[in-house]
Structures are given as structure tokens and as C-alpha cells.
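In the two complexes that follow, subunit A is the common piece, with subunit B as its partner first and subunit C second.
And now, the complex of A and B:
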């Protein structure tokens, strides 16, 4: 177990280090999310009361779109110099490789979210600071779900000609229940309702989705990566 | 021999469907509230059952492929998925025609409509992914994993959509629950030929897949010289 953890963290640290040095995906993802936030202001009246009702939905659409940019790079980055073959043939087992990459993606996507969240609050006059600890829990659970599905599908599509096109087509329908849960919880928190009451079943859905697909992804990671 | 059996089975299915159509339009009376359009249910519901059954078999044969690595199961998985997708589309379209008559709109964001649409998108993604991979064993492996993921996603989608939509006002859906025995029997009487048709289509599609793989192998063989 100790070895598995060390291997996982090594992979995660490697991915984070190479991303922090180049900032390729991170820069693209942050600016993309700000562009989407801007585009929303043309789709509806930004100062209306209605904004609060749909705030959760807007945010998670931004996060899911921004996530695709990071997830696309996750395995594609390893194609240069056949790094993926080297990783697969190294003593690191598939589950450790998968979990390490997922953790790195989680950290990166959370960074993007933590940057775009205040921007959203300023643009659309949404107060969120008082609810931040619970919001972060929801963000963590939702982002982990996006990342588990996304990292798995990034590994599945890495060798395809149409990689960039296939990932969003496959990933978004799969994520719909997760996004619905995250949207409901976030909207409840932004409207000051807390996570009890109406949001409670959605929180359970988030946790259930994360658990089911984490187990499934780890169990099938060797099949996808090694064959 | 195999070909004759398939032609025979589809002939039986066709005859049964014709007989059912006759019974539906001549013997069975119009439903009181909905009128003649009600009869669409005899196709709408059985094709949905067939599509769900296909999803079940797709997941089963995908798991079997990953365990045995026998490409026969992969061919079965793609055949049932494709046929299931067609029946799912038939379900959606027949439902939309009914909705236009009864609700006055083609589409309502009702839980069942939404979840069926998401399932169709999931399995359409499966077929798109397959067409993007050239190597047969890699294609079978990756597609099997996707099929398993989709199968686990389907119940979660159905339940979550149900929660989500019930929080909003819906168009008045015909209550359902109870049904006249003669209608009820017709539902199953029509399911049998539809299922038979699905079996024939799956068998033809599997044969296509096998021939396709043979052609691919021959092409690779030819390129070696």
C-alpha cells in the first residue's frame, strides 16, 4: 500500500511539475473559462434576479468546459518521445498511473475553478465568500467526478486521430448526473440554503457517483492502459 | 442454411406484425381519452423494452469480451448496441409523434424523454469511438470499457433526471398505471415480432462485423508483400 501511494504521488508530482513549468493547459483553461463567463453575459441579462437561480448551472458548465482542455492534455502530453510507452512499461501499475494522473488533473482543475469563481462573483454580483467552506466541498466532489471520468476517457482516446473531438462527445453525456448534483448543491449554497433539505439527496448523488466511477476506473485502468 | 433461417424468422415477424396491425385497427376500440393515436403505444413501449434489453446484452458481452478476449463477443456487443440504438430512436420518434397529438408539442423535458435521449447519446458515442480506432483488438478493448461505463451510468441518469424534473412543473402526462386487458395483451403480442426482428438484425450485423474483420485481416496480409 505504501508503495502504491508513493508511485501514485510520484506520477501526480511529475504531471504537476511539467504543467507548472509550461503552463500550457492551465493558461488556456483559465482564459477559456473567463471567455465563457463573458459570453454568458450576452446570453441573458447579467444583473437580473434570475442570475442567482441559474448561478450553479453556469458555473458548472464553465468548469466542465474548462476541464476538457486540461483532460485532453493529460495523456496526450505523454505521446511525445513515446513517454506513454515508457510509463506503461515501468514498474508503476495501471491503477497507480491512473490515480496519479487523476490527482494531478484534480489539482489543476481546482486551481482553474478557484480563479474563475471570484471572477464569476464579481461579474454577476453573486456573494459566495460566507459559504466558501461548503462550496469547496461541493467543488471538490464535483471536480473529482469530472476528473475520474475525464482521465479515464483521456487514456482511452489518447491514440485516436480524432482525440480532441472524441473526448467531449463521450465525456459530457456520461457526466450529466454528476453535473446535475453539483449544480443543485451549488445553487442551494449560493442562495444561502445550506446542504440540508432539498440539496441533501443531490449531495448523496455526488458522493455515490464519485465512488462508483472511481472504483470502476481503477478496476479497468490496467485494461485501458496495458491491454 | 443460416440465411434461410434468418429469412424465415423475419417472414414470421412480418406476418405477426401484419396480423397485429389488423387486430389493432379493426378489433381494438379507440381509447376513450386519447382516440386513435393511442395505438402508437403498441410500438412505442415494446421498442423501448427491446432497446433496454439490448443495453443489458451489450454490457454483458463487453464484460465477456474483456474476460475471454474472443472477438466474437465484441461483434455481438457492437451488433446489439447498434440495433438497440435504432430501436431507441424508434421509441423517441414514436413518442414525439404521440406527444404532438396529445400534448400539442413535439418535445417535453419530461424525465423519461430526457433520460432516453441521454442514453442514445451515450451509445452513439460508443459507435463513434469504434469508428475512430483502426486496430481491431484495441477497438474491442476500449469499446468494451466504454460500454461498461455507459451501462453503470444509465441507472444513475434515470434516477437523477427523475429527481431533477419532478421539481419543475410538467405537462400533464396521461396517468397510466391501469390498462385494459385487451390492450395489455396486445402490448406483449406486438413485442414478440419486434423482438424477433431485433434478433434477425443483430444476427445480420454480427455477420457483417465478421466479414469486415476478415477483409481487414486480408488487407493487412496483402500489405506485408
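And now, the complex of A and C:
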């Protein structure tokens, strides 16, 4: 278990260090999120009830699309110099490699989300700071779901010529239940309701989705990585 | 032959319907150096990828010291030097070696990384990013990456191709040391003379099939093309 954790954290640290040095995915993802939030703010009246109704949906669609930019790079960066071969031929088990990459992707996407939230609050006149602890729980659960599915499909599509196109096409349909749960929970929180009552089943859906797909992804990681 | 360090038993591999490897079987004893020979497209790289655990055979099995090639304990014993240098451009030389030392579970990864930077003459650029390195420096770093965990079995795919003089000297020195220490080497190459000088055995692959499997003979050293003339196809 000690070596597994060491290998997992080594992979996560390597991916984060690489991304911090190149900022390839992070810059694109942050810019994309801010531009989309800005453009949509022109379409809706910031003080209207409608804005509060669609707030959760808008945020999670932005996060899902911004996530694709990060997830596409996750395994693609291993193609340069055949680095993926060195990782797969090392004694690093598939689950450690997968989990390390998922952790790095989670951190990067959470950074994008934490930058997007204040921008969203300003452009849409939504007060979210008072609900931040619960919002962060929902953000974490929703983001982990995006990252788990996205990292697995990033590995599966890494050798495809049209991987930038194929990843979203494959991943978004699978994310629908996750996004519905995250949208409903976020909308409830932004409207001043808690996560009890109507939001509770959606929160359970989020947790269940994360658990099932985490187990599946870890179980299938060796099969996916070795052709 | 000494105890088998590597057993290749009835291995088949298909690309679509095309059989790239057809019932390949041979053994390599501990401490032996096997030259894996064959024309372009014969299946050498495909076989080496299967030996390295990077690809699965359609049929047959690979045993390394009697254990499955994909088991983590087995992979700890293998060092792979393939066509790509397999080091990260945006990390420093030290960070690259430290990363792989960690993945191989080496007790003191920083010390191992420094030791191999010194052995490959890269200690002065330890903190330089690989993307700023010359081609020769990258190649030496790749050699250090493949050897850092002192593997018992070395799998080398065209190891001398595209190396500069200094990298060739480093690699030849390391391979001689590896042989003296009783490590097993499997090396695919087109550079017959260099390979045959180092090899104790040869396996020639013709269109996915074993054409020759045996000791390296004096005739091969005198005339490196002897093997292809007598056992090669076409």
C-alpha cells in the first residue's frame, strides 16, 4: 500500500508540475470559462429570477466543457517521447497511474472552478459566498465524477487521431446523470436552500455515480492501458 | 543453458487479420545476451513490446524468471530502452530520474538519480529542463532512466540507432558492466557487428517466425551477413 500511494502521488505531482510549467491546459481552460460566462451574461438580465434558475446549469456546462480541455491533455502529454511506454512498463499498477492522473486533473479543474465562481458571482449578481462550504462539497463531487470518466476515456482515446473530438463525444453522454445531480444541488444552494429536501436525492445520485465509476475505472485501468 | 530468465512460449500477435508474430518460442538463460535480428517489419519491435508488457499476445505466454511479464514484481526487474527516449521535456534531468526512481520503489530516489546523472555525465546539467538539452544529452538521460533500478533483464530496441558518439560509449560501457554483473540482455538491432560482438545467442525472425535460434557462432562474427544468407528469407 505504501508503494501504491507513493506511485500515485508521484504521478499526480509530475502532471501538476508539468502543467504549472507549460500552462497549456490551464490557460485555455480558464480563458474558456471566463469568456463563456461573460458571453452568457449578455443574454440574461443579471437581477432576474431566470438567472437564478439557470445558474447551476450554466456553471456545470462551463465546467464540463472546460474540463474537456484539461482531460484531453492528461494522456496526450505522455505521447511526447513515448513516455507512456515508460510508465506502463514500470511496476506502477494501472490503478495507481489512473488515480494519480485523476488527482492531478481534479486539482486543475478545481482551480478553474474556483477562478470561475467569483467571475460568475459578479456577472450574474449571485451571492454564493455564504453557501461556499456546501457548494465546495458539490463542486468536489461533481468534479471528481467528470475527472474519473474523463481520465479513463482520455486513456482510451489517446492514440486516436481525432482524440480532441472523440473525448467529448464519448464522455458527455455518460456524464448526463452526474451533471443533472450537480446542477440540481448547485441551483438549490444558490437559491438559498440547503442540500436536504428536494436536493437530497440528487446529492445521493452524485455520491453513487462517483463511487460506481471510480470502482469501474480503477478495475478497468490495466485493460485500458495495455493494448 | 542456465536457468531461464525469459521464456517466450508460442506467442502470436495479430494486427487486424495480419499475423505479425507466428508461434514464436525461445528461451534466454540468466546472464545471456540475445541479439534479436530480422529485417524491417519482421516483428522484432512487436515482440519486444510484448516482452516489456506494453502489449498483450493473442496467444502464448511470456515468463520472466518464471513469473508473468505483467506482474508489478516482474516489471521491477525489467529495464526498457525503446525507440522514444521516454523522458519528460518540461522536467529537469534530476526530476525525470527522481520520478522513475520513485515509480520503481527505490529506497533513496534522490541518491539514485544523482548517481545515474554522474554515470552518464549529466551531473552539471541536473537542474536543466530536458527541452533545453541537446539530442545526445537526452539520449544519455534515456539510458540512465532505463538503468536506474539496476534491472536484471534489459530489453533494448535498436539501442545504438541515432545515438551520438558519447551516448554510444556510455551505453556500450553500461552493457559491458551489465554482462559482467550477470544481467540478461535482449537487444534488437540492425547493427549486426556491434550486436554480434556482444551477443552470446541469436534469434532471427523472418516475417513473424523464428528462422534461427541458437548460439552465436564464430562464422557470424567473421561475416555478420552469414546468418541472413543461411537462415533469412529473400
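Here is the rule we use: the second predicted complex is superposed on the first by the 220 of 227 C-alpha atoms of A that agree within 3 Å, B and C clash if a C-alpha of one lies under 4 Å from a C-alpha of the other, contacts with A are read in each partner's own complex, and residues count from 1 in each chain.
Convention: contacts are C-beta pairs under 8 Å (C-beta built on N, C-alpha and C of every residue); 3 or more make two chains touch, one makes a residue touch a chain.
This is a predicted model, so every value here is computed, not measured.
Participant: For A:170, using the defined touch cut-off, is the partner it touches subunit B, subunit C, both, or neither? Pick first, second, both or neither.
Facilitator: A:170: touches subunit B, not subunit C.
Participant: Considering only touches as defined above, state whether A:159 meets subunit B (first), subunit C (second), both or neither.
Facilitator: first
Participant: What is the contact status of A:22 with respect to subunit B (first) and subunit C (second): first, second, both, or neither?
Facilitator: The answer is second: A:22 touches subunit C but not subunit B.
Participant: From the superposed pair, tell me which subunit A residues show up as contacts to subunit B and also as contacts to subunit C.
Facilitator: 227
Participant: Going by the contact rule at the top, pick out the subunit A residues touching subunit B in the complex.
Facilitator: Contact set of subunit A toward subunit B: 149, 152-153, 156-157, 159-162, 166, 169-170, 173-174, 176-177, 180-181, 184, 198, 201-202, 205, 208-209, 212-213, 216, 220, 223-224, 227.
Participant: Which residues of subunit C touch subunit A once you look at their complex with the stated criterion?
Facilitator: Within the complex, subunit C contacts subunit A at residues 49, 52-56, 70, 72-73, 75-76, 78, 80, 82-91, 95, 99-100, 102-105, 129, 145.
Participant: Could you pull out which subunit A residues touch subunit C in their complex?
Facilitator: It is residues 3, 6-7, 10-11, 14, 17-18, 21-22, 80-83, 85-93, 222, 226-227 of subunit A that touch subunit C.
Participant: Given the complex with subunit A, which residues does subunit B contribute to the contact?
Facilitator: 66, 118, 121-122, 125, 128-129, 132-133, 137-138, 141-142, 144-146, 148-150, 152-153, 156-157, 159-161, 163-164, 167
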